[in-house]
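Both complexes below contain subunit A, partnered by subunit B and then by subunit C.
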Partner chain A sequence: AALKGGLRFQVSAALKEGHVTPTELCQRCLSLIKSTKFLNAYITVAEETALKQAEESEKRYRRGQPLGVLDGIPIAVKDNFNTAGIETTCASNMLKGYISPYNATVVQKLLDQGAVLLGKTNLDEFAMGSGSTDGVFGPVRNPWSYSRQYKEKSVPKSCSEDEESNWVITGGSSGGSAAAVSSFTCFAALGSDTGGSTRNPAAHCGVVGLKPTYGLISRHGLIPLVNSMDVPGILTRCVDDAAVVLGSLAGHDPKDSTTIQDNFKPFELPNLTDVSKLSIGIPKEYHAPGLSSEILALWSKAADLFKNAGAKVVEVSLPHTRYSIVCYHVLCTAEVASNMARFDGLEYGHRSDMNKSTESMYAATRREGFNEVVRGRILSGNYFLLKQNYENYFIKAQKVRRLIANDFMKVFGSGVDILLTPTTLSDALPYREFIKEDNRTRSAQDDILTQAANMAGLPAINVPTGLSERGLPVGLQFIGRSFQEKQLLTVAKWFEKQVKFPMIQLEVKRHYHGAFQHQKSAFFS
Partner chain B sequence: QKATVEVLDHLEHLALVDFRDAEGVERLQKAIQFADQLHEVNTDGVEPMDSVLEDRCLYLREDDVTEGNCTNELLKNAREKVEEYFVAPPGNIPLPKLEERETFLQGS
Partner chain C sequence: AAARGCRGVWRRAWQRGAGGPAPAPRGQRAVACNARGGAVPAGKSGLAPWVPVVGLEIHAQISSNSKLFSGSQVQFAAAPNSLVSFFDASLPGTLPVLNRRCVEAAVMTGLALNCSINKRSLFDRKHYFYADLPAGYQITQQRVPIAVNGSLSYSLCIDNKMSQMVTKTVRIKQIQLEQDSGKSLHDDTRNQTLVDLNRAGVGLMEVVMEPDMCCGEEAAAAVRELQLILQTLGSSQAVMAEGQLRVDANVSVHHPGEHYGVRTEVKNINSLRFLAKAVDYEIQRQIEELENGGTILNETRAFDSKLGCTVPMRDKEGKQDYRFMPEPNLPPLILYDAKSLPANMNHQQVVNVDWIHERLPDLPSVKRAKLVERYGILPEHSFTLLNEDGLTEFFENVVKQTRMKPKKVIGWILNDLLSYLKQHSLIVKESPVTSFLLADLLNLLEKKEISSTAAKQVLAELWKGEGKTPFEIVKEKKLELIQDQKELEQICQAVIDGQENEVIMMVLG
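And now, the complex of A and B:
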């Protein structure tokens, strides 16, 4: 039971009281990673270093001196964060074999708290995508594809069709991290969020996905996509755990000058009982074209939940919502064009054998190292940054960005505390459906509800809310005011308590002496 | 708006990344079309926003050396090196012109 429980109240307590040791916990997680290998959630499993960290943690517990709540807790990190001594690939050929010489600040902070780093999780190449399907190590499979809940609802088209072709995506780009948390192989995972990359897979995998306010958590060591929008994201199984992880990560970092200098005080979430003083805003533009009727109904039910509990629930308007995805498209590709320029083969990463000239070596290296999604965004970004286009596209998009941010300011200024919106347009698509459209189209469709929060730098969180008719998770999103994570998480925690999202009933095939054997793992009973 | 072959060639030079095939070119054309929707928005009198933290002062630390001396660490990741240098092929040689280099755009 400890394995499935929350950090603060179950696992930590179990470790403190000696019901389970850090090494036992670590070994169980490592074993689970092995038996769920087919999910392809992990790119690198750092077994040796993890066990060493667990041993150190155990020594501390025996002395009665754990470093904190996170001591001995197995965690996973998205493979676009630098981890010293451990390969960091960004799921790209460009960085295959790249061993970081340093830890990203957020990784260092977790390790300083005694967390046990199990490994690096899979993603879309360079975090570009909304499916976690476009990395060089292959797509990540949503653990819910193998849940009893999904299997019960799926109608095979023919007797021969099995779960091999029916599996659904995790969403992205932090799909590996979401799958890792969802399948119990770790207690918390780091993702990144530039347009929704933490909240989207969180919604599809039925876990909590927090995007903090821009400037709250250090980006030092997070391989950048869009410097003005990227944030490290937090994925956990419950809101309380997200607060714990946030508490260990937030705060000014001298190595990242875009982190604010205000003093950050970690907080415990109160158990909210009275929501009558709360004002919840329902932005009408988030009833976007393509929103499934199921999610619309769930969203409506959630609004009623708050209303019936005494909160003030009002319809609000964020008029520039429909332009935010276009705006994002221009600003993102422009910043990507700049950020990807560092990959030239000289100092790190892949280097082509071509050596006629510097330029031709760079060109060949990038030709060989980047997939078509990355190349596409670099070329688009460079187009928008051309002298003849700069004013009409890049500057124009920056102006629209201000209008989008202002929309939020107006609404929060009118007395609304929190916005309630859907996170995704539908539940997770089967992989074979998802790949029918290209990456850019999918990203444009899937980011629509999440990326305005990145545009305005606001904190936002996905809370798993219910199961769809296909037995798959659906989440709802709360967006809060800048740096008001405590209020945001308090409301999210209240909501989480009301909806009582069901636990995944994972059924894992076990290879046993070469023969397949359906066996419900003892872990999941 | 559609990008001409001259512009596409120029982009390959600037980005040092190739279009690879017709799909790559089509991808850009679609991206431009998509971005053109921005022009529907009235932005008269609106200042561009480059950071959501524009109202705050960027942190500047003291100009003191606090870390470094990690030459060996950093050189480990480079493929071609000599002593403490990264080795690059000869510079100041521009990428061959469209007609002379191997690119999908040739003959467009």
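And now, the complex of A and C:
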């Protein structure tokens, strides 16, 4: 039985055949969002507009003229994409209450294809973090914390207090989007990925997380973290779904000069039967300090899987990857310092009451509006950009970035098609463990396996692979050649089929929501 | 009086230094300086000559329907904040999209100023906090600008004599594309600042001139020539009063043979006359300061046009570090030429430097040469013709419609028309006498139907703009010369008849 609500073959077909109407689907998702509110996956739920969009979709289906596969499909969008008429906060005091007058290109494209926008998902403030714990609206809880799989293995059944304090993080910064997809409250979600912000929570929440090639999808309307690395990310429950969403978003946007000039042709993924012509590279540097033995074992198993199926599996080296953390730190903070300069309280967003002078108003506004993580990055970024430091830090970091990208070029030039790596060092940590370290340390550790792909602009995808000893999801990452998404996703799909990642068995306590088990209707399970 | 004296000294110094028909003034000056440096030890003495050095940074607003990176309209004096796109207001998530027209304007200007055009140029962010800079940074071209290493030839007259013109050259360091800022209005009584973002994001060309000038007059002449070039190209309307051309002057003085002195930057100059005044004042001020044992601070000064002097500007928190960084949202700006143009490229999407080069209009210097050659007028006359907007066309129209020689026509244009317009503060287009009417009048004169004195009388009538033709005025006022021999004899006879006694006396001697 098809268990995951894959939109390519499941819900879309159900809509088309009239087994379910877009309004019913939307209402079910909305009520699931309510019953899983404790996950804190959503910052804003756009109930009214969502129902209106669903109604419009329903009319189209009744006329027999749906706009396409996405028509009537409930989706969620990370709260750092602009949505006209719906609050866009970046989980920051700075933008609390900010309603953008325009839609991000990706949002517009989804709406144009009939998707139903349920709401905006939670994140680390301005996407700066790797836990989805550092937003002004509080941390996101990983739905797997409430799964039978996790509870059976980790939580003493008797002690409910322990259970409450044992919930694990989603990873980040697109944790809200990952949790939303993982808990069935939507069928696909947009995240953003600058150093791993889509793939990391996807791995922790057991969903597919795709970071496309830089320039393939428009960034217009995505509130930037690092312009030269940001890519809108796609979170879905299966690889096919990701391909559909990618097809609906990719291509040139006249509003984003860094997008590709050529038109993108959406594709369907073939079912790969023969992998013998494939060459899979295993970068030895990804055997990083801190990599858990379980993940290492899973990684080897995956490599064996390819080998046994006839693929060529080779160890490769990406010698400069180990510098990517430091390099990223400089480039990221420098761009953050620059990008955040516009939040001065004048045109929009928070403005302090301090009115002694324009300068004091700026200072107070920014102190009140940004959390410590954002302020810290602004400070170090400005330091790196100072005239006396620019050569030593920024320029050097750019050179290192080039070396990191060249490593990939060399490996792909040597005949390797796809790289296979772990996505995270370990499974998701309990929140109380996670916050023992500060944001900077965590980000540096957690991005270590994902960041280099952003440095090089390459497409990469997390595929849920198995469960850890604690019953939590673990994913592996495939990195492909620039603009070779089709090949990347085809291999990912083959792999997905082999590993048969188990479905989450949510067990949510009755007091959270009485109706939850009911709501998990035929379309979800 | 002391100031006058100083002025005399430095005037001589620069005249000698940069004199002659020199194409490379800086080199020449260096030679002069060396020679002088040997002869006159630089020192405390007020008699030691000073060499003033003037460089200019000119911001020309690009004449374009829309802004440099957004689709907002560009318009002078529109209602506040009525021309502001999401990008101009720096709404989060918005991205710059380069306006092709602005690139073409910069390429045109670069070519007209003999620059080499960089086929690949880059954009940078320049950071500072200011109320009318919504993004907190300006997008500019700090590292690799669109055009570099050019030159501008301009002429000026020696000792205010139109007949003694010399041509000089100033090197153009670079031309860079950048965004304009908005405008802040400070309301001190209500203690508030009002911000108008209409101008925010309008395309600017910053033209950086090397310090090859030595006085206000030279600076003004160079800027005037640049202004004419920009207007001829249509790359900027370059009206200083409307802020489309803004000039900052870098001024320093030193003794010959020594390093350049500490320079000051003079801002807030909004006319050519004030530019000349501001530069000369600043040179004088620096010389006096130094001769009185003082030092020159590397500071920004504003020109106060009412007081005719420069005053230090309130410094923005001491020295600024602009924290330049590459603009990550704009790929390198690639320009093509006939050779490099890819065959399959959409021509609407690329800028072809050769194509622009072939279509450059005649520049002012060429226009002047052509006028001199075609009409036999004096070179200085050609300057006057080009200096007034529309005057060349007026002149040429008159010439076309009359048999009078252009050499004579030019006198009427420059002495009569122009002085009348100046007296009444009119521009050529507003002249009550059209080129057609003037040609008509000059034809009457040329056909000897009226005298030159009568022609001036007719012209005086024509200025009234009552719609009469010169011929009608001549008839009405009976100003025509008498051509009929008999009529003339009759008039003479009538005169003689009335004065018989006098006639007899004369005949008798």
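Just so we're on the same page, the second predicted complex is superposed on the first by the 499 of 525 C-alpha atoms of A that agree within 3 Å, B and C clash if a C-alpha of one lies under 4 Å from a C-alpha of the other, contacts with A are read in each partner's own complex, and residues count from 1 in each chain.
One rule holds for everything that comes next: a contact is a pair of C-beta atoms (placed from the backbone, for glycine too) under 8 Å apart; a residue touches a chain by one contact, two chains touch by 3 or more.
Here the structure is a predicted model, which is why all the values come from computation and not from measurement.
**Q** Report for A:296: first if it touches subunit B alone, second if subunit C alone, otherwise both or neither.
**A** neither
**Q** Of the partners subunit B and subunit C, which touch A:456 in the superposed model: first, second, both, neither?
**A** Only subunit B; A:456 stays clear of subunit C.
**Q** Applying the touch criterion given at the start, work out whether A:82 contacts subunit B, subunit C, both or neither, answering first, second, both or neither.
**A** second
**Q** See if subunit A has more residues touched by subunit B or by subunit C, and give me that chain.
**A** Comparing subunit B with subunit C, the partner touching more subunit A residues is B.
**Q** Kindly classify A:399 by the partners it touches after superposition: subunit B alone (first), subunit C alone (second), both, or neither?
**A** first
**Q** Figure out whether A:390 sits in contact with subunit B (first) or subunit C (second), or with both, or with neither.
**A** The second partner, subunit C, only.
**Q** Would you check which partner chain A:330 touches, where first means subunit B only, second means subunit C only, and both and neither mean what they say?
**A** first
**Q** Using the superposition on chain A described above, determine whether A:222 touches subunit B (first), subunit C (second), both, or neither.
**A** So A:222 only meets subunit C here.
**Q** After the superposition on A, what does A:351 contact: first (subunit B), second (subunit C), both or neither?
**A** first
**Q** Is A:503 in contact with subunit B, with subunit C, with both, or with neither (first, second, both, neither)?
**A** Neither partner.
**Q** From the superposed pair, tell me which subunit A residues show up as contacts to subunit B and also as contacts to subunit C.
**A** 98, 101, 228, 254, 257-258, 337, 344, 346-348, 358-359, 362, 382, 386
**Q** Could you list, by residue number, the parts of subunit A that touch subunit C in their complex?
**A** 81-82, 88, 90, 95, 98, 100-102, 104, 219-224, 226-228, 254-258, 334-335, 337-338, 340-344, 346-348, 358-359, 362, 382, 385-387, 390, 394
**Q** Please name which positions on subunit B make contact with subunit A in the complex.
**A** It is residues 3, 7, 10-12, 14-20, 23-24, 27-28, 30-32, 34-35, 37-41, 43, 46-53, 56, 58-61, 70, 73-74, 76-80, 86, 88-91, 93-96 of subunit B that touch subunit A.
**Q** Give the list of subunit C residues in touch with subunit A in this complex.
**A** So the residues of subunit C in touch with subunit A come to 86, 89-98, 125, 127, 129, 131, 134-137, 193, 195, 317, 321, 323-325, 328-331.
**Q** Which part of subunit A faces subunit B closely enough to touch in the complex?
**A** So the residues of subunit A in touch with subunit B come to 98-99, 101, 214-215, 228, 252, 254, 257-261, 320, 323, 326-327, 329-330, 333, 337, 344-349, 351, 354-363, 366-367, 370, 372, 375-376, 378-380, 382-384, 386, 392-393, 395-403, 405, 438, 440, 444, 456-457, 482.
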